[in-house]
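Quick one: structure below, then a few questions.
In this document, chain identifiers A, B and C correspond to the written order of the chains, with residue numbering beginning at 1 in each.
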Amino acid sequence: MRHETPTAGPVAARVAALNARYRNHAAIAVLRRAISDPEVGRVALVSSFGAESVVLLHMISVIDRATPVLFIDTQMLFAETLAYQTEVAASLGLSDVRTIRARPEALAAHDPDRLLHKTDTDACCALRKTEPLERALAPFDAWITGRKRFQGQTRSRLDFFENEGDQRIKVNPLAHWRPDDVQEYMVNNRLPRHPLVARGYPSIGCAPCTSRVAPGEDPRAGRWRGQDKDECGIHFVDGKMVRGPLPPTPSATDRNEEHQMNVIVTDTGFAADDLSGAFQPADTPGATALDLGPEADVTALAGRLDGVEIIRIAFPAFSDGRGFTLARRLRMMGYGGRLRAAGHVIADQYAMARRTGFDEVEISADLARRQPWEQWQARADWRAHDYQARLRGAG
Amino acid sequence: MSKPFTPKVVTANALVEGDVIYLTADDRWSRALHEAEVIEDEAHAQLRLLDAERQAHAVVGAYLAEVRPGPNGPEPAHFREAFRARGPSNYPHGKQTELSDV
Amino acid sequence: MYSYTDFDRAYVRERVAQFRAQVERRLDGSLSEEEFRPLRLMNGLYLQLHAYMLRVAIPYGTLSSRQMRQLAMIAERWDKGYGHFTTRQNIQFNWPTLRDVPDILEALADVGMHAIQTSGNTVRNVTADHFAGASADEVADPRPYAELLRQWSTDHPEFQFLPRKFKIGVTGAPNDRAVIRSHDIGLELRRDDAGALGFRVYVGGGLGRTPMVAQELAAFIPERDLLPYVEAILSVYNLLGRRDNKYKARLKIAVHEHGIATIRALVDEAFAERRAQFSGDDHDLLENIKAQFARPELARTDCAPYWKARRADPVFRAWADTNLAAHADPDHAIVTISLKPHGATPGDATADQMRVMADLAQRYGHDELRISHEQNVIVPHVHRADLPAVHDALKAAGLATANVGLVSDIIACPGMDYCSLATARSIPVAQQIATRFDALKLEHEIGSLKIKISGCINACGHHHVGHIGILGLDRAGVENYQITLGGDGTEDTVIGKRAGPGFSADEIVPAVERLVLSYLDLRDSPDETFLQAFRRLGEAPFKDALYPEQARGRRDAA
């Protein structure tokens, strides 16, 4: 048997050597492999310079201090974090720290008053973290995070290596670490502490969304306190969490285009979005372009549809078919304006969207690339073979 | 630390045929469990699983299955994997009739 | 029988072409596996433990001989020479390759069949009483309504991505053979005081990990309102059903969480809106469909050959006693062909056997076949004079097992021999129970008894409604079988109660044997069935038989 022969080919030897080297899963060994192994590719460390970030920063300073470090400055951080970042980078001799920020024009368009976090934390995270990070990660094949299994329920099955949407590898060298391991490492290596930790902030993010944590609470309970939110978008695969009115993040597969608009699909082809940014929540008085979530109660719109020019219904996942019934109900209520399905709708659903009353579908540039117009065109003859229309009759 | 890591193989179904397949140490997909690469290290297991998941054009539903070492290579640790390796037990008409050496 | 219109034919061809393109797009990377999966499932294609599995719909369980022969051809050409009839009136092919599936679908389209919506979170194949159009107790044939619902639900644009799968069952008789109260929507045809046809509508039934008996949503919905009413229920469910947890996503959970009154109010509101959308064309279509289901012209000949064979041949008599059911016409019988030979896989038929059944239907049965949810095949209109010839032909094909409704007529899901969701095997348990009771020669003595086996909590083997239900689980890496007692899938649907701790694979058959033998001791007469005895005596004496150690302990302590 191949794998039992000690003198077998180079692959078996490599595997055996790797197995021996990583037997005890030491975080530093995983990290060393991530940084040096050609299988992993070009790799960056993403760091918030938060409470525990210094551990990984120290490890890479030992392995290769020229490793790129991406520091996301959301421009909402504590002053203490900015000072700490400078101090740590200098004391560890990190030679390639890149500060990542949102594009000024995106900030001007979506959060000119810096108040977006009060109305929509998801959109704020997307604007200030997810989108800039996705852009900064474009040249990399892998990125290193400090996520750990003990941090909250959603991470209890975290692995060392994760496949991120077939685009990148995410490396979590500290996946198995307990809180004690972090503390011990910091003590043993005499690492500087984040100044806010002593003041009751064990997990540190942006100033508006971080509060103190009581003893015994989940250390991340202070992040987005009181909101139904555990993770910022940067720990989701692109496309699954984007909810706010932001344009989608640029895809890693097309690194040259700075900004990619969503694509509007109609019976005649793909077109650019003529209304980007015009949509407002359904309860906005006088709004003529409404955004509805899949959970919306359309009966609340009864009597208010006059003057509405377009309604956009969100499809958070193509497997969530609520939007089809919402569209049909709006049409039965007499709504005659434009109706748009937006989000993860695939070409195979185009006829369903049209038959339930949608006029058009808004998809990301990424999906439009993967499912070009020909695939939508195959379903553009949506009136053909329609059992329901036949049963309802022309009347 | 969580519970100790037990030996694994990477297994999946072939995209076109649907057959049960196993990843070998030399990066082939084999129909025979005894040819599978036995992975003793968790970090390596996850990298191999990533290798498998990247082959979406050829395989479906890759996962890590627990195995035990045996005289002729890895053996399934769970009865579900035993059926996957052998074929249905109601009467022989699956893999057991195709792989004479199982 | 219904035959496809040009509209149906064009639609099914179009769907085959679409699926052919989808397979190509999966292979070239345009569709990810995540996106392809629901599309293949909508076309009945699963990926199971060892291979792909194609589930083909047999709408309301009705087949012509030509269709049955085509299934035989498919089994031989693209599979391993057999097919498996399921508990939802479908047939499954267990070994097709992905590239062959479009060709198989094409072959199905050739005979007016398809695999559309036999899977996925959508309205599934509508099931109906397998004796429909033939039984003596029927108010009206439920199949025209099932066909109307098939057309309405096919590719319904609103309901292809529901929170979870959705099952509709229809019966036209007060004796429910279609288990309608374990469906998301159960429809019982009845007449109102003026004699008009309509439906009692039940909602929220289902087996699975949270078994629930459907509740009455409406006492009478006129037949002309069937589609808008059902569409109203679906529209309410599409918005209300939970999408955060697939184990809580079925309609039964929404009914349970919101209460039947709330559901009724929402459905009534939606119904008013929906009814206005239908202009009446559906009624014309329904009348047209009804005409196609008219009972065939039955022969008027002498039944003497039947009586003669009964007297002369005890094997024939035993088969006739178990496998025939009363036809509305006394000179005719409904023949149930058992697909449960002792020791075989329940519901499997070889291509040769399929052809034999097709020939018999063509020659003696007005070209009609039915598939029952109990995984048998039915020839619904056979003149009694032809029964000896039918029996001879069945015997020659290994299809004359005289065990319908008896202990070896077991429903079993595919279990871990095929299914990727299973936690234990179910077929071998069925094989061993059947073999054991055949060896004991007690089967006919025991009489009517329904054993149903599921290989996981999803309950495809309907174990909750078995008189004896068996549920296979994985307990710490070992197969373990739990027994439930007293379930009933008829119009008085009852969910069986778990008897106690489970049994290992080695212990389960002896446990069932103890249980059944204790019934023979406990019954007050040979006429009292297992279920009747259980209802009279309660579970205690049966539990004592299952767990003799505990019973002995209790006796010693007393």
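Heads up, the rule we're going with is that contacts are C-beta pairs under 8 Å (C-beta built on N, C-alpha and C of every residue); 3 or more make two chains touch, one makes a residue touch a chain.
Since we're looking at a predicted model, the values are computed, not measured.
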item: Chain closest to the middle [Cα centroid of all protein chains]; value: C
item: Result of counting contacting C-beta pairs for A-C and B-C, higher pair; value: A-C
item: Cα-centroid distance, chain A relative to chain B, in whole angstrom; value: 32
item: Interchain centroid distance [CA atoms averaged], chain B/chain C, Å; value: 34
item: Length of the line joining the C-alpha centres of chain A and chain C, rounded to whole Å; value: 44
item: Multi-partner residues of chain B (each touching 2 or more other chains); value: 56
item: Contacts with 2+ other chains: residues of chain C; value: 29
item: Sequence positions of chain A contacting 2 or more other chains; value: none
item: Chain A-touching residues of chain B, taken from the complex the two chains share; value: 1-2, 5, 24-27, 34-44, 46-47, 50, 53-54, 56, 72-73
item: Complex interface listing, chain C residues touching chain B; value: 26-27, 29, 32-33, 47-52, 80, 96-99, 345, 416-418, 425, 427-428, 431, 474, 477-479
item: Chain B-facing residues of chain A, complex; value: 1-4, 8-9, 11-12, 15, 18-19, 22-23, 25, 29-30, 33, 39, 149, 159-163, 166, 169, 176, 178
item: Complex contact set, residues of chain C against chain A; value: 7, 10-11, 14, 18, 21-22, 25, 29-31, 35, 38-39, 121, 148, 151-152, 154-162, 227, 235, 238-239, 243, 273-274, 276-282, 285
item: Complex contact set, residues of chain B against chain C; value: 13, 15-20, 56-57, 60-61, 77-80, 83-84, 87-91, 93-95
